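Letters A, B, C, D, E and F name the chains as they come in the text, with residue numbers starting at 1 for each one.
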Amino acid sequence: MFEPVKPFFALNEAEEFQEKGIYLLGIPFDGTTSFRPGARFGPDALREASYGLESYSPYLDKDLEESPFFDLGNIPFQASRHDLLRESFFSLTKNLDLNKQKILTLGGEHSISYCPAKLYLDHYKNLTILHLDAHTDLREQYLDEPYSHACVIRRIVEEMREEQTLIQYGIRSGLKAEFNWMKENNTLATSFEELKEKINKVTGPIYLTLDLDFFDPSFLPGTGTPEAGGENFHNFISLLKLLAQKNLVGADVVELSPMLDVSGNSNVFAAKVVREILLCMKN
Amino acid sequence: MFEPVKPFFALNEAEEFQEKGIYLLGIPFDGTTSFRPGARFGPDALREASYGLESYSPYLDKDLEESPFFDLGNIPFQASRHDLLRESFFSLTKNLDLNKQKILTLGGEHSISYCPAKLYLDHYKNLTILHLDAHTDLREQYLDEPYSHACVIRRIVEEMREEQTLIQYGIRSGLKAEFNWMKENNTLATSFEELKEKINKVTGPIYLTLDLDFFDPSFLPGTGTPEAGGENFHNFISLLKLLAQKNLVGADVVELSPMLDVSGNSNVFAAKVVREILLCMKN
Amino acid sequence: MFEPVKPFFALNEAEEFQEKGIYLLGIPFDGTTSFRPGARFGPDALREASYGLESYSPYLDKDLEESPFFDLGNIPFQASRHDLLRESFFSLTKNLDLNKQKILTLGGEHSISYCPAKLYLDHYKNLTILHLDAHTDLREQYLDEPYSHACVIRRIVEEMREEQTLIQYGIRSGLKAEFNWMKENNTLATSFEELKEKINKVTGPIYLTLDLDFFDPSFLPGTGTPEAGGENFHNFISLLKLLAQKNLVGADVVELSPMLDVSGNSNVFAAKVVREILLCMKN
Amino acid sequence: MFEPVKPFFALNEAEEFQEKGIYLLGIPFDGTTSFRPGARFGPDALREASYGLESYSPYLDKDLEESPFFDLGNIPFQASRHDLLRESFFSLTKNLDLNKQKILTLGGEHSISYCPAKLYLDHYKNLTILHLDAHTDLREQYLDEPYSHACVIRRIVEEMREEQTLIQYGIRSGLKAEFNWMKENNTLATSFEELKEKINKVTGPIYLTLDLDFFDPSFLPGTGTPEAGGENFHNFISLLKLLAQKNLVGADVVELSPMLDVSGNSNVFAAKVVREILLCMKN
Amino acid sequence: MFEPVKPFFALNEAEEFQEKGIYLLGIPFDGTTSFRPGARFGPDALREASYGLESYSPYLDKDLEESPFFDLGNIPFQASRHDLLRESFFSLTKNLDLNKQKILTLGGEHSISYCPAKLYLDHYKNLTILHLDAHTDLREQYLDEPYSHACVIRRIVEEMREEQTLIQYGIRSGLKAEFNWMKENNTLATSFEELKEKINKVTGPIYLTLDLDFFDPSFLPGTGTPEAGGENFHNFISLLKLLAQKNLVGADVVELSPMLDVSGNSNVFAAKVVREILLCMKN
Amino acid sequence: MFEPVKPFFALNEAEEFQEKGIYLLGIPFDGTTSFRPGARFGPDALREASYGLESYSPYLDKDLEESPFFDLGNIPFQASRHDLLRESFFSLTKNLDLNKQKILTLGGEHSISYCPAKLYLDHYKNLTILHLDAHTDLREQYLDEPYSHACVIRRIVEEMREEQTLIQYGIRSGLKAEFNWMKENNTLATSFEELKEKINKVTGPIYLTLDLDFFDPSFLPGTGTPEAGGENFHNFISLLKLLAQKNLVGADVVELSPMLDVSGNSNVFAAKVVREILLCMKN
């Protein structure tokens, strides 16, 4: 069973997927983190921080309280075994019917995104994966672990079918070989303008995987592998307004590491980001 | 009597309003804070931080040391009773003659702005209140407290006469009803360009109430209710250059919460902001 | 209604007093704090920290999981109005039957202890109040507030009947007049031996009000008014073993201020203290 | 190969086991940590902190600079795979000849102690393992991981032969079943006096596994699972003076988690502890 | 002139030595600190923290408010030049008449103690210097600086005449040669009992130089060179009660480094220590 | 000899200047710091942080691992004597042949830049010094110290010959007289456009002295004298791309103060900045 929590924005709690609606679930896992661990505390810190925010978004003129959102709580904690985590995730979501319910998953480190992404790739034949991140995450394996957070996009790409597309943006750190791969496959938008163009062309459903280190560390210091030169909040809101006109069917938000920002502001920032994404999602 | 302090930028200390001049006074109050308290430590932290800055502003080409500024110290501490705070404030400022002296008040939380704003509204028939903030602060009451920091602009509006005007900018959090009120009353400038236009049209005296969470939290993490998507320092300086050409007669700077930023940088940022405002004020 | 939370040690959640048992409830209030606020975050931080501890106590050889404990959640937040807080508390506990249920209240600041103490004093004619604290808390009023945390024991004393007794221990800060009062009324145990003697003589029910600054700040830095020279954990456990042989019918644990200890260790310490007290309480 | 570092107390660096001497090596692993991770940063933080200490110990009247110590650096980092860690450790120490060289291993979390303990148990038939810790660490498995830091003493016990003995001290947290096991096997010294008695009876070689949460968290806040009621530094020094008269042949010091103590003092405390142990070790 | 400050415990401010009384003055200097700097912020942090304490001491049953204390403020800041600091100190104290006034000096690092100690050694022929510290501070020179904080007691000893005596206590870190010097000169009390004996024999005036790292770092983490195994607060109070029966004519309290303890508790601890010493001093 | 360290990005270690190549060396000095000290910890923190970054730069499409870089370690520590520091630096670099080797120096406070700048000014007749900073640093002397970090550019200017040029950018704090000097000597670029123009005109070798407070404090909170209104990372990269087309022969990066940013992100930011500069330097 999911573990009970104080729910996000005091949304409705849910113990299982039942009604039609958008469901929040946390995966408190950071077992493959190579630099500074702590993302395991992300989901609960994000919920806690939501109590300092309003449920109304002036950007989208929508209110969480008027929408069918549910908070399921967290996947049971796993210290390091990604294989057991996947097992647990797929077992707990076996009743999820993506025709009726959608999910927004809270990390944990980026390696957890493999789980929801696989569900969505299996369900939507023409899915576009939108990957916002500072890092390429395209390694074959890292420190002997193929499901490391440094490999997650590689693992996701392996699950993708021909009609499915990958768009990457914000990437500013990786190996030369990874950057070459992005060039060859034309996945990387190198400017915000190029990103908007790429998204404008998408006609099918979109799944967003957002590594919070996509944002400049000045906005969100509480992340394990901060990388200078990130995107700002205003452009992110512009992007969301664009996605709100498209068909955003699922998302995950990962790599919040609360212990690394004693002010707690990173949690508040991330909670606002999650609020906005929830309000953009279609069901 | 005011409580003695180590004065801002080693300005002249003053025990009472006497000479013509601009007077700084602190109100260490955070009794209605609903999220994270600590703004009570704002005034002294701001003074302390000023010692790491120069008294000269290259933006305005003016120097605090060449100007008639005085630091009065703080209003005696009140833990929670806003009614007693107002009493104490109005009693301690009863000799203030706005024809001879002007004041810049340091919070404390935003609820304290009611006090100086009322003095200025009573004195200047055609006053414009310029409200820079992340939050609407327009609730009728909040948690049973009509003088809560979430209601202060509502309380100030109630004191305004017909010839007096409210301009709001930076607001990005509130209830839908509050945003609707701003639209109906056309108080909110939704872009920096629109703000400059509105200010350019002002011919009378201006009072500035600046909630420091107006700024993006990346610049000032030390505030109780941080809200992503705020304004930057460069635009603030542009705004001040504009105000320097107008008649800025009073100001308050509120919601610095020093405990929330262990680096102390928020205090230094706020002290610089206060230096610039002091240098813009007319007497 | 109480506000839902992630319950202490994953105990049973309860929405109301129903079954026979010991109930935990939080009062997130710090409205009269005169120095460093933040005790409002105590109840939730304490619950969060409990997840890093075992439910078994080797000191008492008892286990929380084998006992009828319930977590009610928190009293709704009040920023500063102690009168409204009392109203809310007494209304929410009106169905509490001390013959069937007992409560352990989590602060918040010490001023909240007035509420449960009054319930117990009204119910148990021969109650002994055991007051563990660094501070006298015996002022008539403080900063115009008679229900300030600096006055709470004075307020409690006023509710006491002749057959009811006050024992104080750990006190090491206050006015000379307060220390004189304690001498005249022979309430203060000045050594641990004297405390044990006093408790050994108690035959009736005991209510414990524990201000966490009773402990030396080296053990619990996260408190608003730390005072050197406090008691250690070993003596506290000895005291509890003594109380376990008596009739401990109620308790409150107050003045944990999580923001003041970024390591989070104060929360863990306090959660362990609460675990031990819960296991000592009789129902 | 070991990874190079700035060596402890500027001791001699070594790339391999060669000369007769005492060798320091770090294992930056925290992959099974169930509460707060970060012990991976322990070895380097400990070395860094050693530069603020003197190399001379007034307690033992000995100086590190006059002794044959070498710092090997660290085992290559593993994020989560304890099986690969063991493989790497045993491969890198295959040239270690315990007749000529001794090792002091720096964690990392407690699970790493299995590695050096096994080497010593294999070599010394009549070894005594001295286990100083706050936690029992005797679980069969924890969160599906048999080599979890909550199971390490269980794993070590499984490697022990009949003539080999376990002495435990400081333990104050665990399951009831684990405490029962310790009683049945008479491994736990429940007072410092009892500990000294037990050690006085030892005639053979001693291996010390020291989980730093053995100490009271007031001395060492920087550890993942702090537990109130720990031992103090003075008793530890008394214990070491006793061990100095015995035959201490190896040791590990684990569970320093530098990120949890921003003052850095935990690192300094731990470095002093390591200095004293090094000076007690026989070669 | 001294630099003005918010005075300790709201004591009387003074601009010069005039009336008979005990004077507090700060020396914000940390120019020779070899490990972690920041003691320059000690004097002001100590004053700030005093506002959270009572002026009454239950240990000594005396109240600061009833005594002739004055706060002079600080010596002007010097970044690194100890020669200029000495010059400035002796010039600013040239009107001090130790027959009428006494001083308690607040550091800054320990090197500043040379200044007041020299004044007292010159004035009192039979002075006893009581040195409480973790470190020997007896080096001839350190990093090319003879007035380093690692050499201050050596420099003071050089100023001592035959009838003047040095008592040292708490020392637990230094070179072997320094420990040998203390043995040869019989200056070190190696137990609290021995210390009390030594002090009981003193008949003349006593000057106390207290390096706050004398205390265990668990009580005062905010110091530059923390050293495990320090003294506790209770023994310090016992010592002060003994000194109160003797003739304590002067004191300095050094090495508080506020930035190293973000909780601020070290400042509060040190302020209480200073309060107690002030109340013990004779005039 | 240089002091050994864990080298930057695991570059080759070097004990002396030998091969042709670019050499990194640290100067852990903050003896003249007037506000908040701690820059002495900059060089090692920067190296430590480099391990969380990739050695490949996607901005410049170059990789540190493919280039002839060496890390020499640090100049021996000096607490306060700038004269001895200069002596030590010039002695340790006496074998440096700028025809074969180039250096990038890591501070330490800005005062250390005098040392490498003098070497370069002596060697390159037509050198351009590019000074990026928040502060003028043009005082004749500061607090009696002519080599203070507030005077370093003045000292450098005094070493410059007629054909050598100074370009300053980012400056936003100083005395009016210092701003006037910059105007008179036309050294200050007041916009990024103007800066690029000035650099475009340079034909000879360029030496960069980068005080990290040049950047906005939101990017790098860990610096001693933060000053709002700084430059962002994107413009810095644009500038470097321009410098990569010129002849950048040397550089220093100063004023990182790790203790002031407990998140450690400032160190990571600075390490990335150093990586980019290294990759731009010509040899």
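Points worth noting:
Methods note: contacts are C-beta pairs under 8 Å (C-beta built on N, C-alpha and C of every residue); 3 or more make two chains touch, one makes a residue touch a chain.
Here the structure is a predicted model, which means the values were calculated and not measured.
Note on connectivity: the fewest chain-to-chain touch steps from chain A to chain D number 1.
Under the touch definition stated at the top, chain D and chain F share these contacting partners: A, E.
Distance from chain E peaks, on a Cα-centroid basis, for A. Chain F is reached from chain B by a rotation of 120°, derived from superposing Cα atoms (nearest 5).
The greatest centre-to-centre distance from chain D, using averaged C-alpha positions, is reached by B. Looking at A-B and B-E side by side, the one with more C-beta contacts is A-B. Rounded to a whole number, the gap between the C-alpha centres of chain B and chain C is 39 angstrom.
Multi-chain contact residues, meaning those touching two or more other chains, occur in chain E at positions 36, 216, 218, 260, 262.
Arrangement of the chains shown, judged by which pairs touch: an irregular graph that fits none of the line, ring, star or complete shapes.
Chains touching one another form the pairs A-B, A-C, A-D, A-F, B-C, B-E, B-F, C-D, C-E, D-E, D-F, E-F. Residues of chain D that touch chain E in their complex: 51-54, 56, 58-59, 61, 63, 216, 218-219, 233-234, 237, 262-265, 268-269, 272-273. Note for the complex: chain B touches chain A at residues 35-36, 171-176, 179, 216-218, 221-222, 225-229, 260-262. Considering their complex, residues 30-34, 36-38, 40, 77-82, 84, 143-145, 148, 259-260, 262 of chain D touch chain A.
Contacts from chain E toward chain B in the complex involve residues 4-6, 44, 48, 262.
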